[in-house]
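Let me begin by presenting the structure, written as structure tokens, before commenting on it.
Going in written order, the chains are labelled A, B, C and D, and every chain counts its residues from 1.
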Amino acid sequence: MQHFDSDYMEGAHPAILEKLMETNEEKTPGYGTDAYCARARALIREACGCPEAEVFFLVGGTQTNATIIDALLRSTQGALAADTGHIATHEAGAIEASGHKVITIPHTLGKIDAEAIDSLCTTFYADANYEHMVEPGLVYISHPTEYGTIYSLSELKAISDVARKFKLPLFMDGARLGYGLAAEGADLALADIARLCDVFYIGGTKVGALFGEAVVFTKPELAKGFFTLMKQHGALLAKGRLLGIQFETLFTENRYLDISRHAIDMAMKLKAALIDAGYALHIDSPTNQQFVVLDNARMDDLSKQVSFGFWEALDADRTVVRFATSWATREEDVDALIELL
Amino acid sequence: MQHFDSDYMEGAHPAILEKLMETNEEKTPGYGTDAYCARARALIREACGCPEAEVFFLVGGTQTNATIIDALLRSTQGALAADTGHIATHEAGAIEASGHKVITIPHTLGKIDAEAIDSLCTTFYADANYEHMVEPGLVYISHPTEYGTIYSLSELKAISDVARKFKLPLFMDGARLGYGLAAEGADLALADIARLCDVFYIGGTKVGALFGEAVVFTKPELAKGFFTLMKQHGALLAKGRLLGIQFETLFTENRYLDISRHAIDMAMKLKAALIDAGYALHIDSPTNQQFVVLDNARMDDLSKQVSFGFWEALDADRTVVRFATSWATREEDVDALIELL
Amino acid sequence: MQHFDSDYMEGAHPAILEKLMETNEEKTPGYGTDAYCARARALIREACGCPEAEVFFLVGGTQTNATIIDALLRSTQGALAADTGHIATHEAGAIEASGHKVITIPHTLGKIDAEAIDSLCTTFYADANYEHMVEPGLVYISHPTEYGTIYSLSELKAISDVARKFKLPLFMDGARLGYGLAAEGADLALADIARLCDVFYIGGTKVGALFGEAVVFTKPELAKGFFTLMKQHGALLAKGRLLGIQFETLFTENRYLDISRHAIDMAMKLKAALIDAGYALHIDSPTNQQFVVLDNARMDDLSKQVSFGFWEALDADRTVVRFATSWATREEDVDALIELL
Amino acid sequence: MQHFDSDYMEGAHPAILEKLMETNEEKTPGYGTDAYCARARALIREACGCPEAEVFFLVGGTQTNATIIDALLRSTQGALAADTGHIATHEAGAIEASGHKVITIPHTLGKIDAEAIDSLCTTFYADANYEHMVEPGLVYISHPTEYGTIYSLSELKAISDVARKFKLPLFMDGARLGYGLAAEGADLALADIARLCDVFYIGGTKVGALFGEAVVFTKPELAKGFFTLMKQHGALLAKGRLLGIQFETLFTENRYLDISRHAIDMAMKLKAALIDAGYALHIDSPTNQQFVVLDNARMDDLSKQVSFGFWEALDADRTVVRFATSWATREEDVDALIELL
């Protein structure tokens, strides 16, 4: 049986486990005040070309989104997001539970564009009743998106410009950031993201770590009080060094990008095979997520030998499914899957 | 200068002011525990044909919506509402501030239909990831809607049926309820509403009172703890008798419906005149709100002699405006407005 | 039967009702944008000697406390208050419902002192773990307190100094402010309060109005976004002029202080009679609230002819009860009560 | 340099790391739906003698407390806790951020007793204004407490009885549960806790795991919707098996109790040596936390060779410090510390 359901099915990159073994008996102070975290922060600042950045380590994506958004918004402000954005759909109301509205914008394959943000904000402030409404307070984008699409440098630049025009912090959810940076045709580097966003995070859970997300505030003043807010959100790990060790390992010897590149290579090999075999792609994704249209009979058949993600019913007879590769995907497993197609 | 901006521009029905004068020096206990509130509750229960109903008096619409929704929902549940619903648009995030998501459904002239609710709930529970999402927790409708449209008895019956199918309390925002009950062609009576909804409120602010909304829980068990929740939401008036006196007065001698009928009569007279004068109606409303398309030049001209509500720009040259009548609108003012058209 | 239960048993000062009658048919825009509110704001700014103040009108005390505190605090900050403070005890968790902790300080007859605040803050920042704790974010005091005591000018000055030392806004709950200003021996004037506090409110509900609290931000920058926050808290009255009319009336011809002085005169007459008759005062209050120790048998007897507030059981045989006078208390009723003693 | 600062300074028990290594390349579904979690749940149910229990795995203590309390309380209810309870002091307002008040009870060495709970509840419901106040909604205790003290079986029985009398769920914070079960003189077993509490958690972070807390609802109906609430609170780990593997390992071959016992043995050895050396104990603790009074000069001296926790200044010359042992403490390190005393 092959498994291509998601990119968080395995444990961690072996170098991480080795380091955890090696350091297991060391005694360190808690809550991210240890030397591993300090080194991981330094490596991330360097990789981002942003020496003034404030870096924090959290455990998972939903808690990271909720904590960052709570830090940036006043009570009457909302987060602008694609209507398909993770915070708008699959976080069980974590943003609203902190008292904030998600103001949705129609998506195009998971992405929003600068023009739509500009138009929404312009219309908002032109409304005579705008003081009775939730004010746009930040822009949230995910990169890659939930649809496996990516922003180009020029697209991100445009979004950043409009966000700054309306004084809205720009926040990028990078739960799968490595797969965006390494995506086929990507022209957006970590330093660009650091320059254009006010805060973003570098996903570890789906890219080589057991768990962990590294939050980068490129404007340090936005991070004021963030440590205590992490504590309040239950997002402060007692044994913080576990996060420091993981990110230090991922940001040593270019490992984060290398393993991300591997996932993309595997996905592109699979994608080519799917096209060759005559399958229709639902979305032309350059990332580790591939969305394929299957006849239902074929899907049932295939599901006996490989597990994959159900995406949506296309019509009565056909279904869109998702195959996800990851840093851990073995080429032999991709080959085995291709055999089955 | 004539004023048709909204239905909350004047004070209160004279009978209410007289009663306030007359009782001003009386000493009563606070927080709705007085005899006026008791009588008003009895009159409302009777008017609703629902002797077991629990009735509470609050001050304004937004606080009433937020308090009721907070009472009915668990933390991970949301309120289904039209995307044009007041709670989704013009309450400054009051629902989210209590921790709840508004789950929007596309509207048809401000209304949602049973089928859309059924489809949304069916799809929700069919989703493999539904436990990662905000669960539908109640159905919110406004009657009349923000677009001046009304639900028919059969429409409300269908919505009530689907709500019960999914065990969702049905909550009707009746900020303008009188104008819905008295609307041209309305076939929905107060007793129908009480039978089909689990909770609703009878708007006073826009229908004859200085302020005040009477909340009717037709299922008393849903009202458990509501008094304390009102206090927590800042919705418990110290001198509660002011609300009791107002609703007692409105529900004496059929006053609530009579004054609502007057507003409708005035609106229908205006509507007929608008049609006669060749204006295009944007929405064919049977209620006290009339939405008319005006050329911008005409609008500017008219606005020198009458004030009205700006609704939306239709295109570069034309605007939709709203004329609202109320219980207090004088026929001579409607005639004066018609003269100007 | 006489009633001395509380100071919110009657309606409003006759001049207010007359004005409401007189203006009833006027049409004004909503939400506090009318001319009555504008004039009331100007009168209040003048009475406070604070021309730059931002003034808002809300309906009741709990909603006012919750909205102001929500406006001033970040998510991880709390409100310092006496453990007997209204926000700590009798608001059904309204502060916590907005996500904020009330950090309590032991009281002395309802008051807190500068030294206790200084000590708490000094200890807090000296704690190695303070970043794991709720940070002091503002100081809340009530004047008069829930125990009918008042702050002197020097006490308030000291509290203001320590609040500024720790950069904590000082917020005074003035639900009974008139009775504090007019209290026997009071040396604290409105202009002092405006100078020493960052925000406070002038209670109307208990001092001559049907309802209403006038919030004064003496530092306008603290009021940023307050209008929308009022809307979110359900604290924005649609027919805002009702509040404007009431406060305009109260701040015309020194009415607010005059009627407060009357309540104090009545309370002092009662207090003298109580002492003469040999009753023990539980608290030596210079305000409209008088706390008296009664033998239980005497209390039961008295309660057949006069209603009063139950305060607390002193021991098995004696109870503390509260007699409250108000702007509306008639001298003949005080005389009748004295007769009964 | 020796380190006795806290019980979360090392990584995990070697058996856990081995198992993580061994299973690293396995592919499992996420969010706790894997076979490791299933087995860990079964082992915990068995250890608790509670086959019907619902078991969930979360990452850290603060998020666990906040999620459980949010699950159990209605909006107007609060959590009764010792004023020294972790939720009342060191969780940065996590409970209030979910909208709930912590209602504090004075502690005795970190503990509360049944009588105090009974008295508080009785007084509460006897208060004429109780509907204006936050209602007691659950009882929170920590075992061992923050002061290193433990409840006896009869004490817990009494608390459980009074909680049931007032229909309050009893929730035990077991962040250090192992050290309570294994404490010197403890007569409270896991099965007793399961029988007497409605929900509790078995701490992993401080007792052998890298991280993780196992929540046990002994009344399954209280767990309704808990999975989604975990997601909302950011407390649902994507790679849930990491928690399953850890708790399966800890609950195999009696490991959880055995390693806890080791920590206690080390603490008792240290305690005896402290007494022998003439030090004064601040608290007579039977657990892994020992609180000792040191002259400040001695403390400064000692701190050059050993790190420990600062607890509180006793007076100008003396300080209370905490030495904590853990499952990982080596006897040779305790001996080395004893040498230094």
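Quick note on the criterion: a contact is a pair of C-beta atoms (placed from the backbone, for glycine too) under 8 Å apart; a residue touches a chain by one contact, two chains touch by 3 or more.
Each chain and its UniProt protein: A, B, C, D = Beta-eliminating lyase-related protein.
It should be emphasised that the depicted structure is a prediction, and the values quoted were computed from it without experimental measurement.
Relative to subunit C, the chain whose mean Cα position lies farthest away is A. Across B-C and A-C, the chain pair carrying more C-beta contacts is B-C.
If you average the Cα atoms of subunit A and of subunit C, the two centres end up 50 Å apart. In this assembly, the C-alpha centroid of subunit B lies 33 Å from the C-alpha centroid of subunit C. In subunit B, the residues that touch at least two other chains are 75-76, 91-93, 97-99, 131-133, 228-229, 231-232. Interface residues of subunit B, counted against subunit A in their complex, comprise 75-76, 78, 89-93, 96-97, 99-102, 128-129, 131-134, 310. The residues of subunit A lying in touch with subunit C in their complex are 70-71, 74-76, 98-99, 131-133, 135, 225, 227-229, 231-232. Listed in rising order, the residues of subunit D touching subunit A in the complex are 3, 5-6, 8-12, 14, 17, 20-21, 23-30, 59-64, 66-67, 91-94, 97-98, 205-206, 210-211, 228-229, 231-239, 242, 328.
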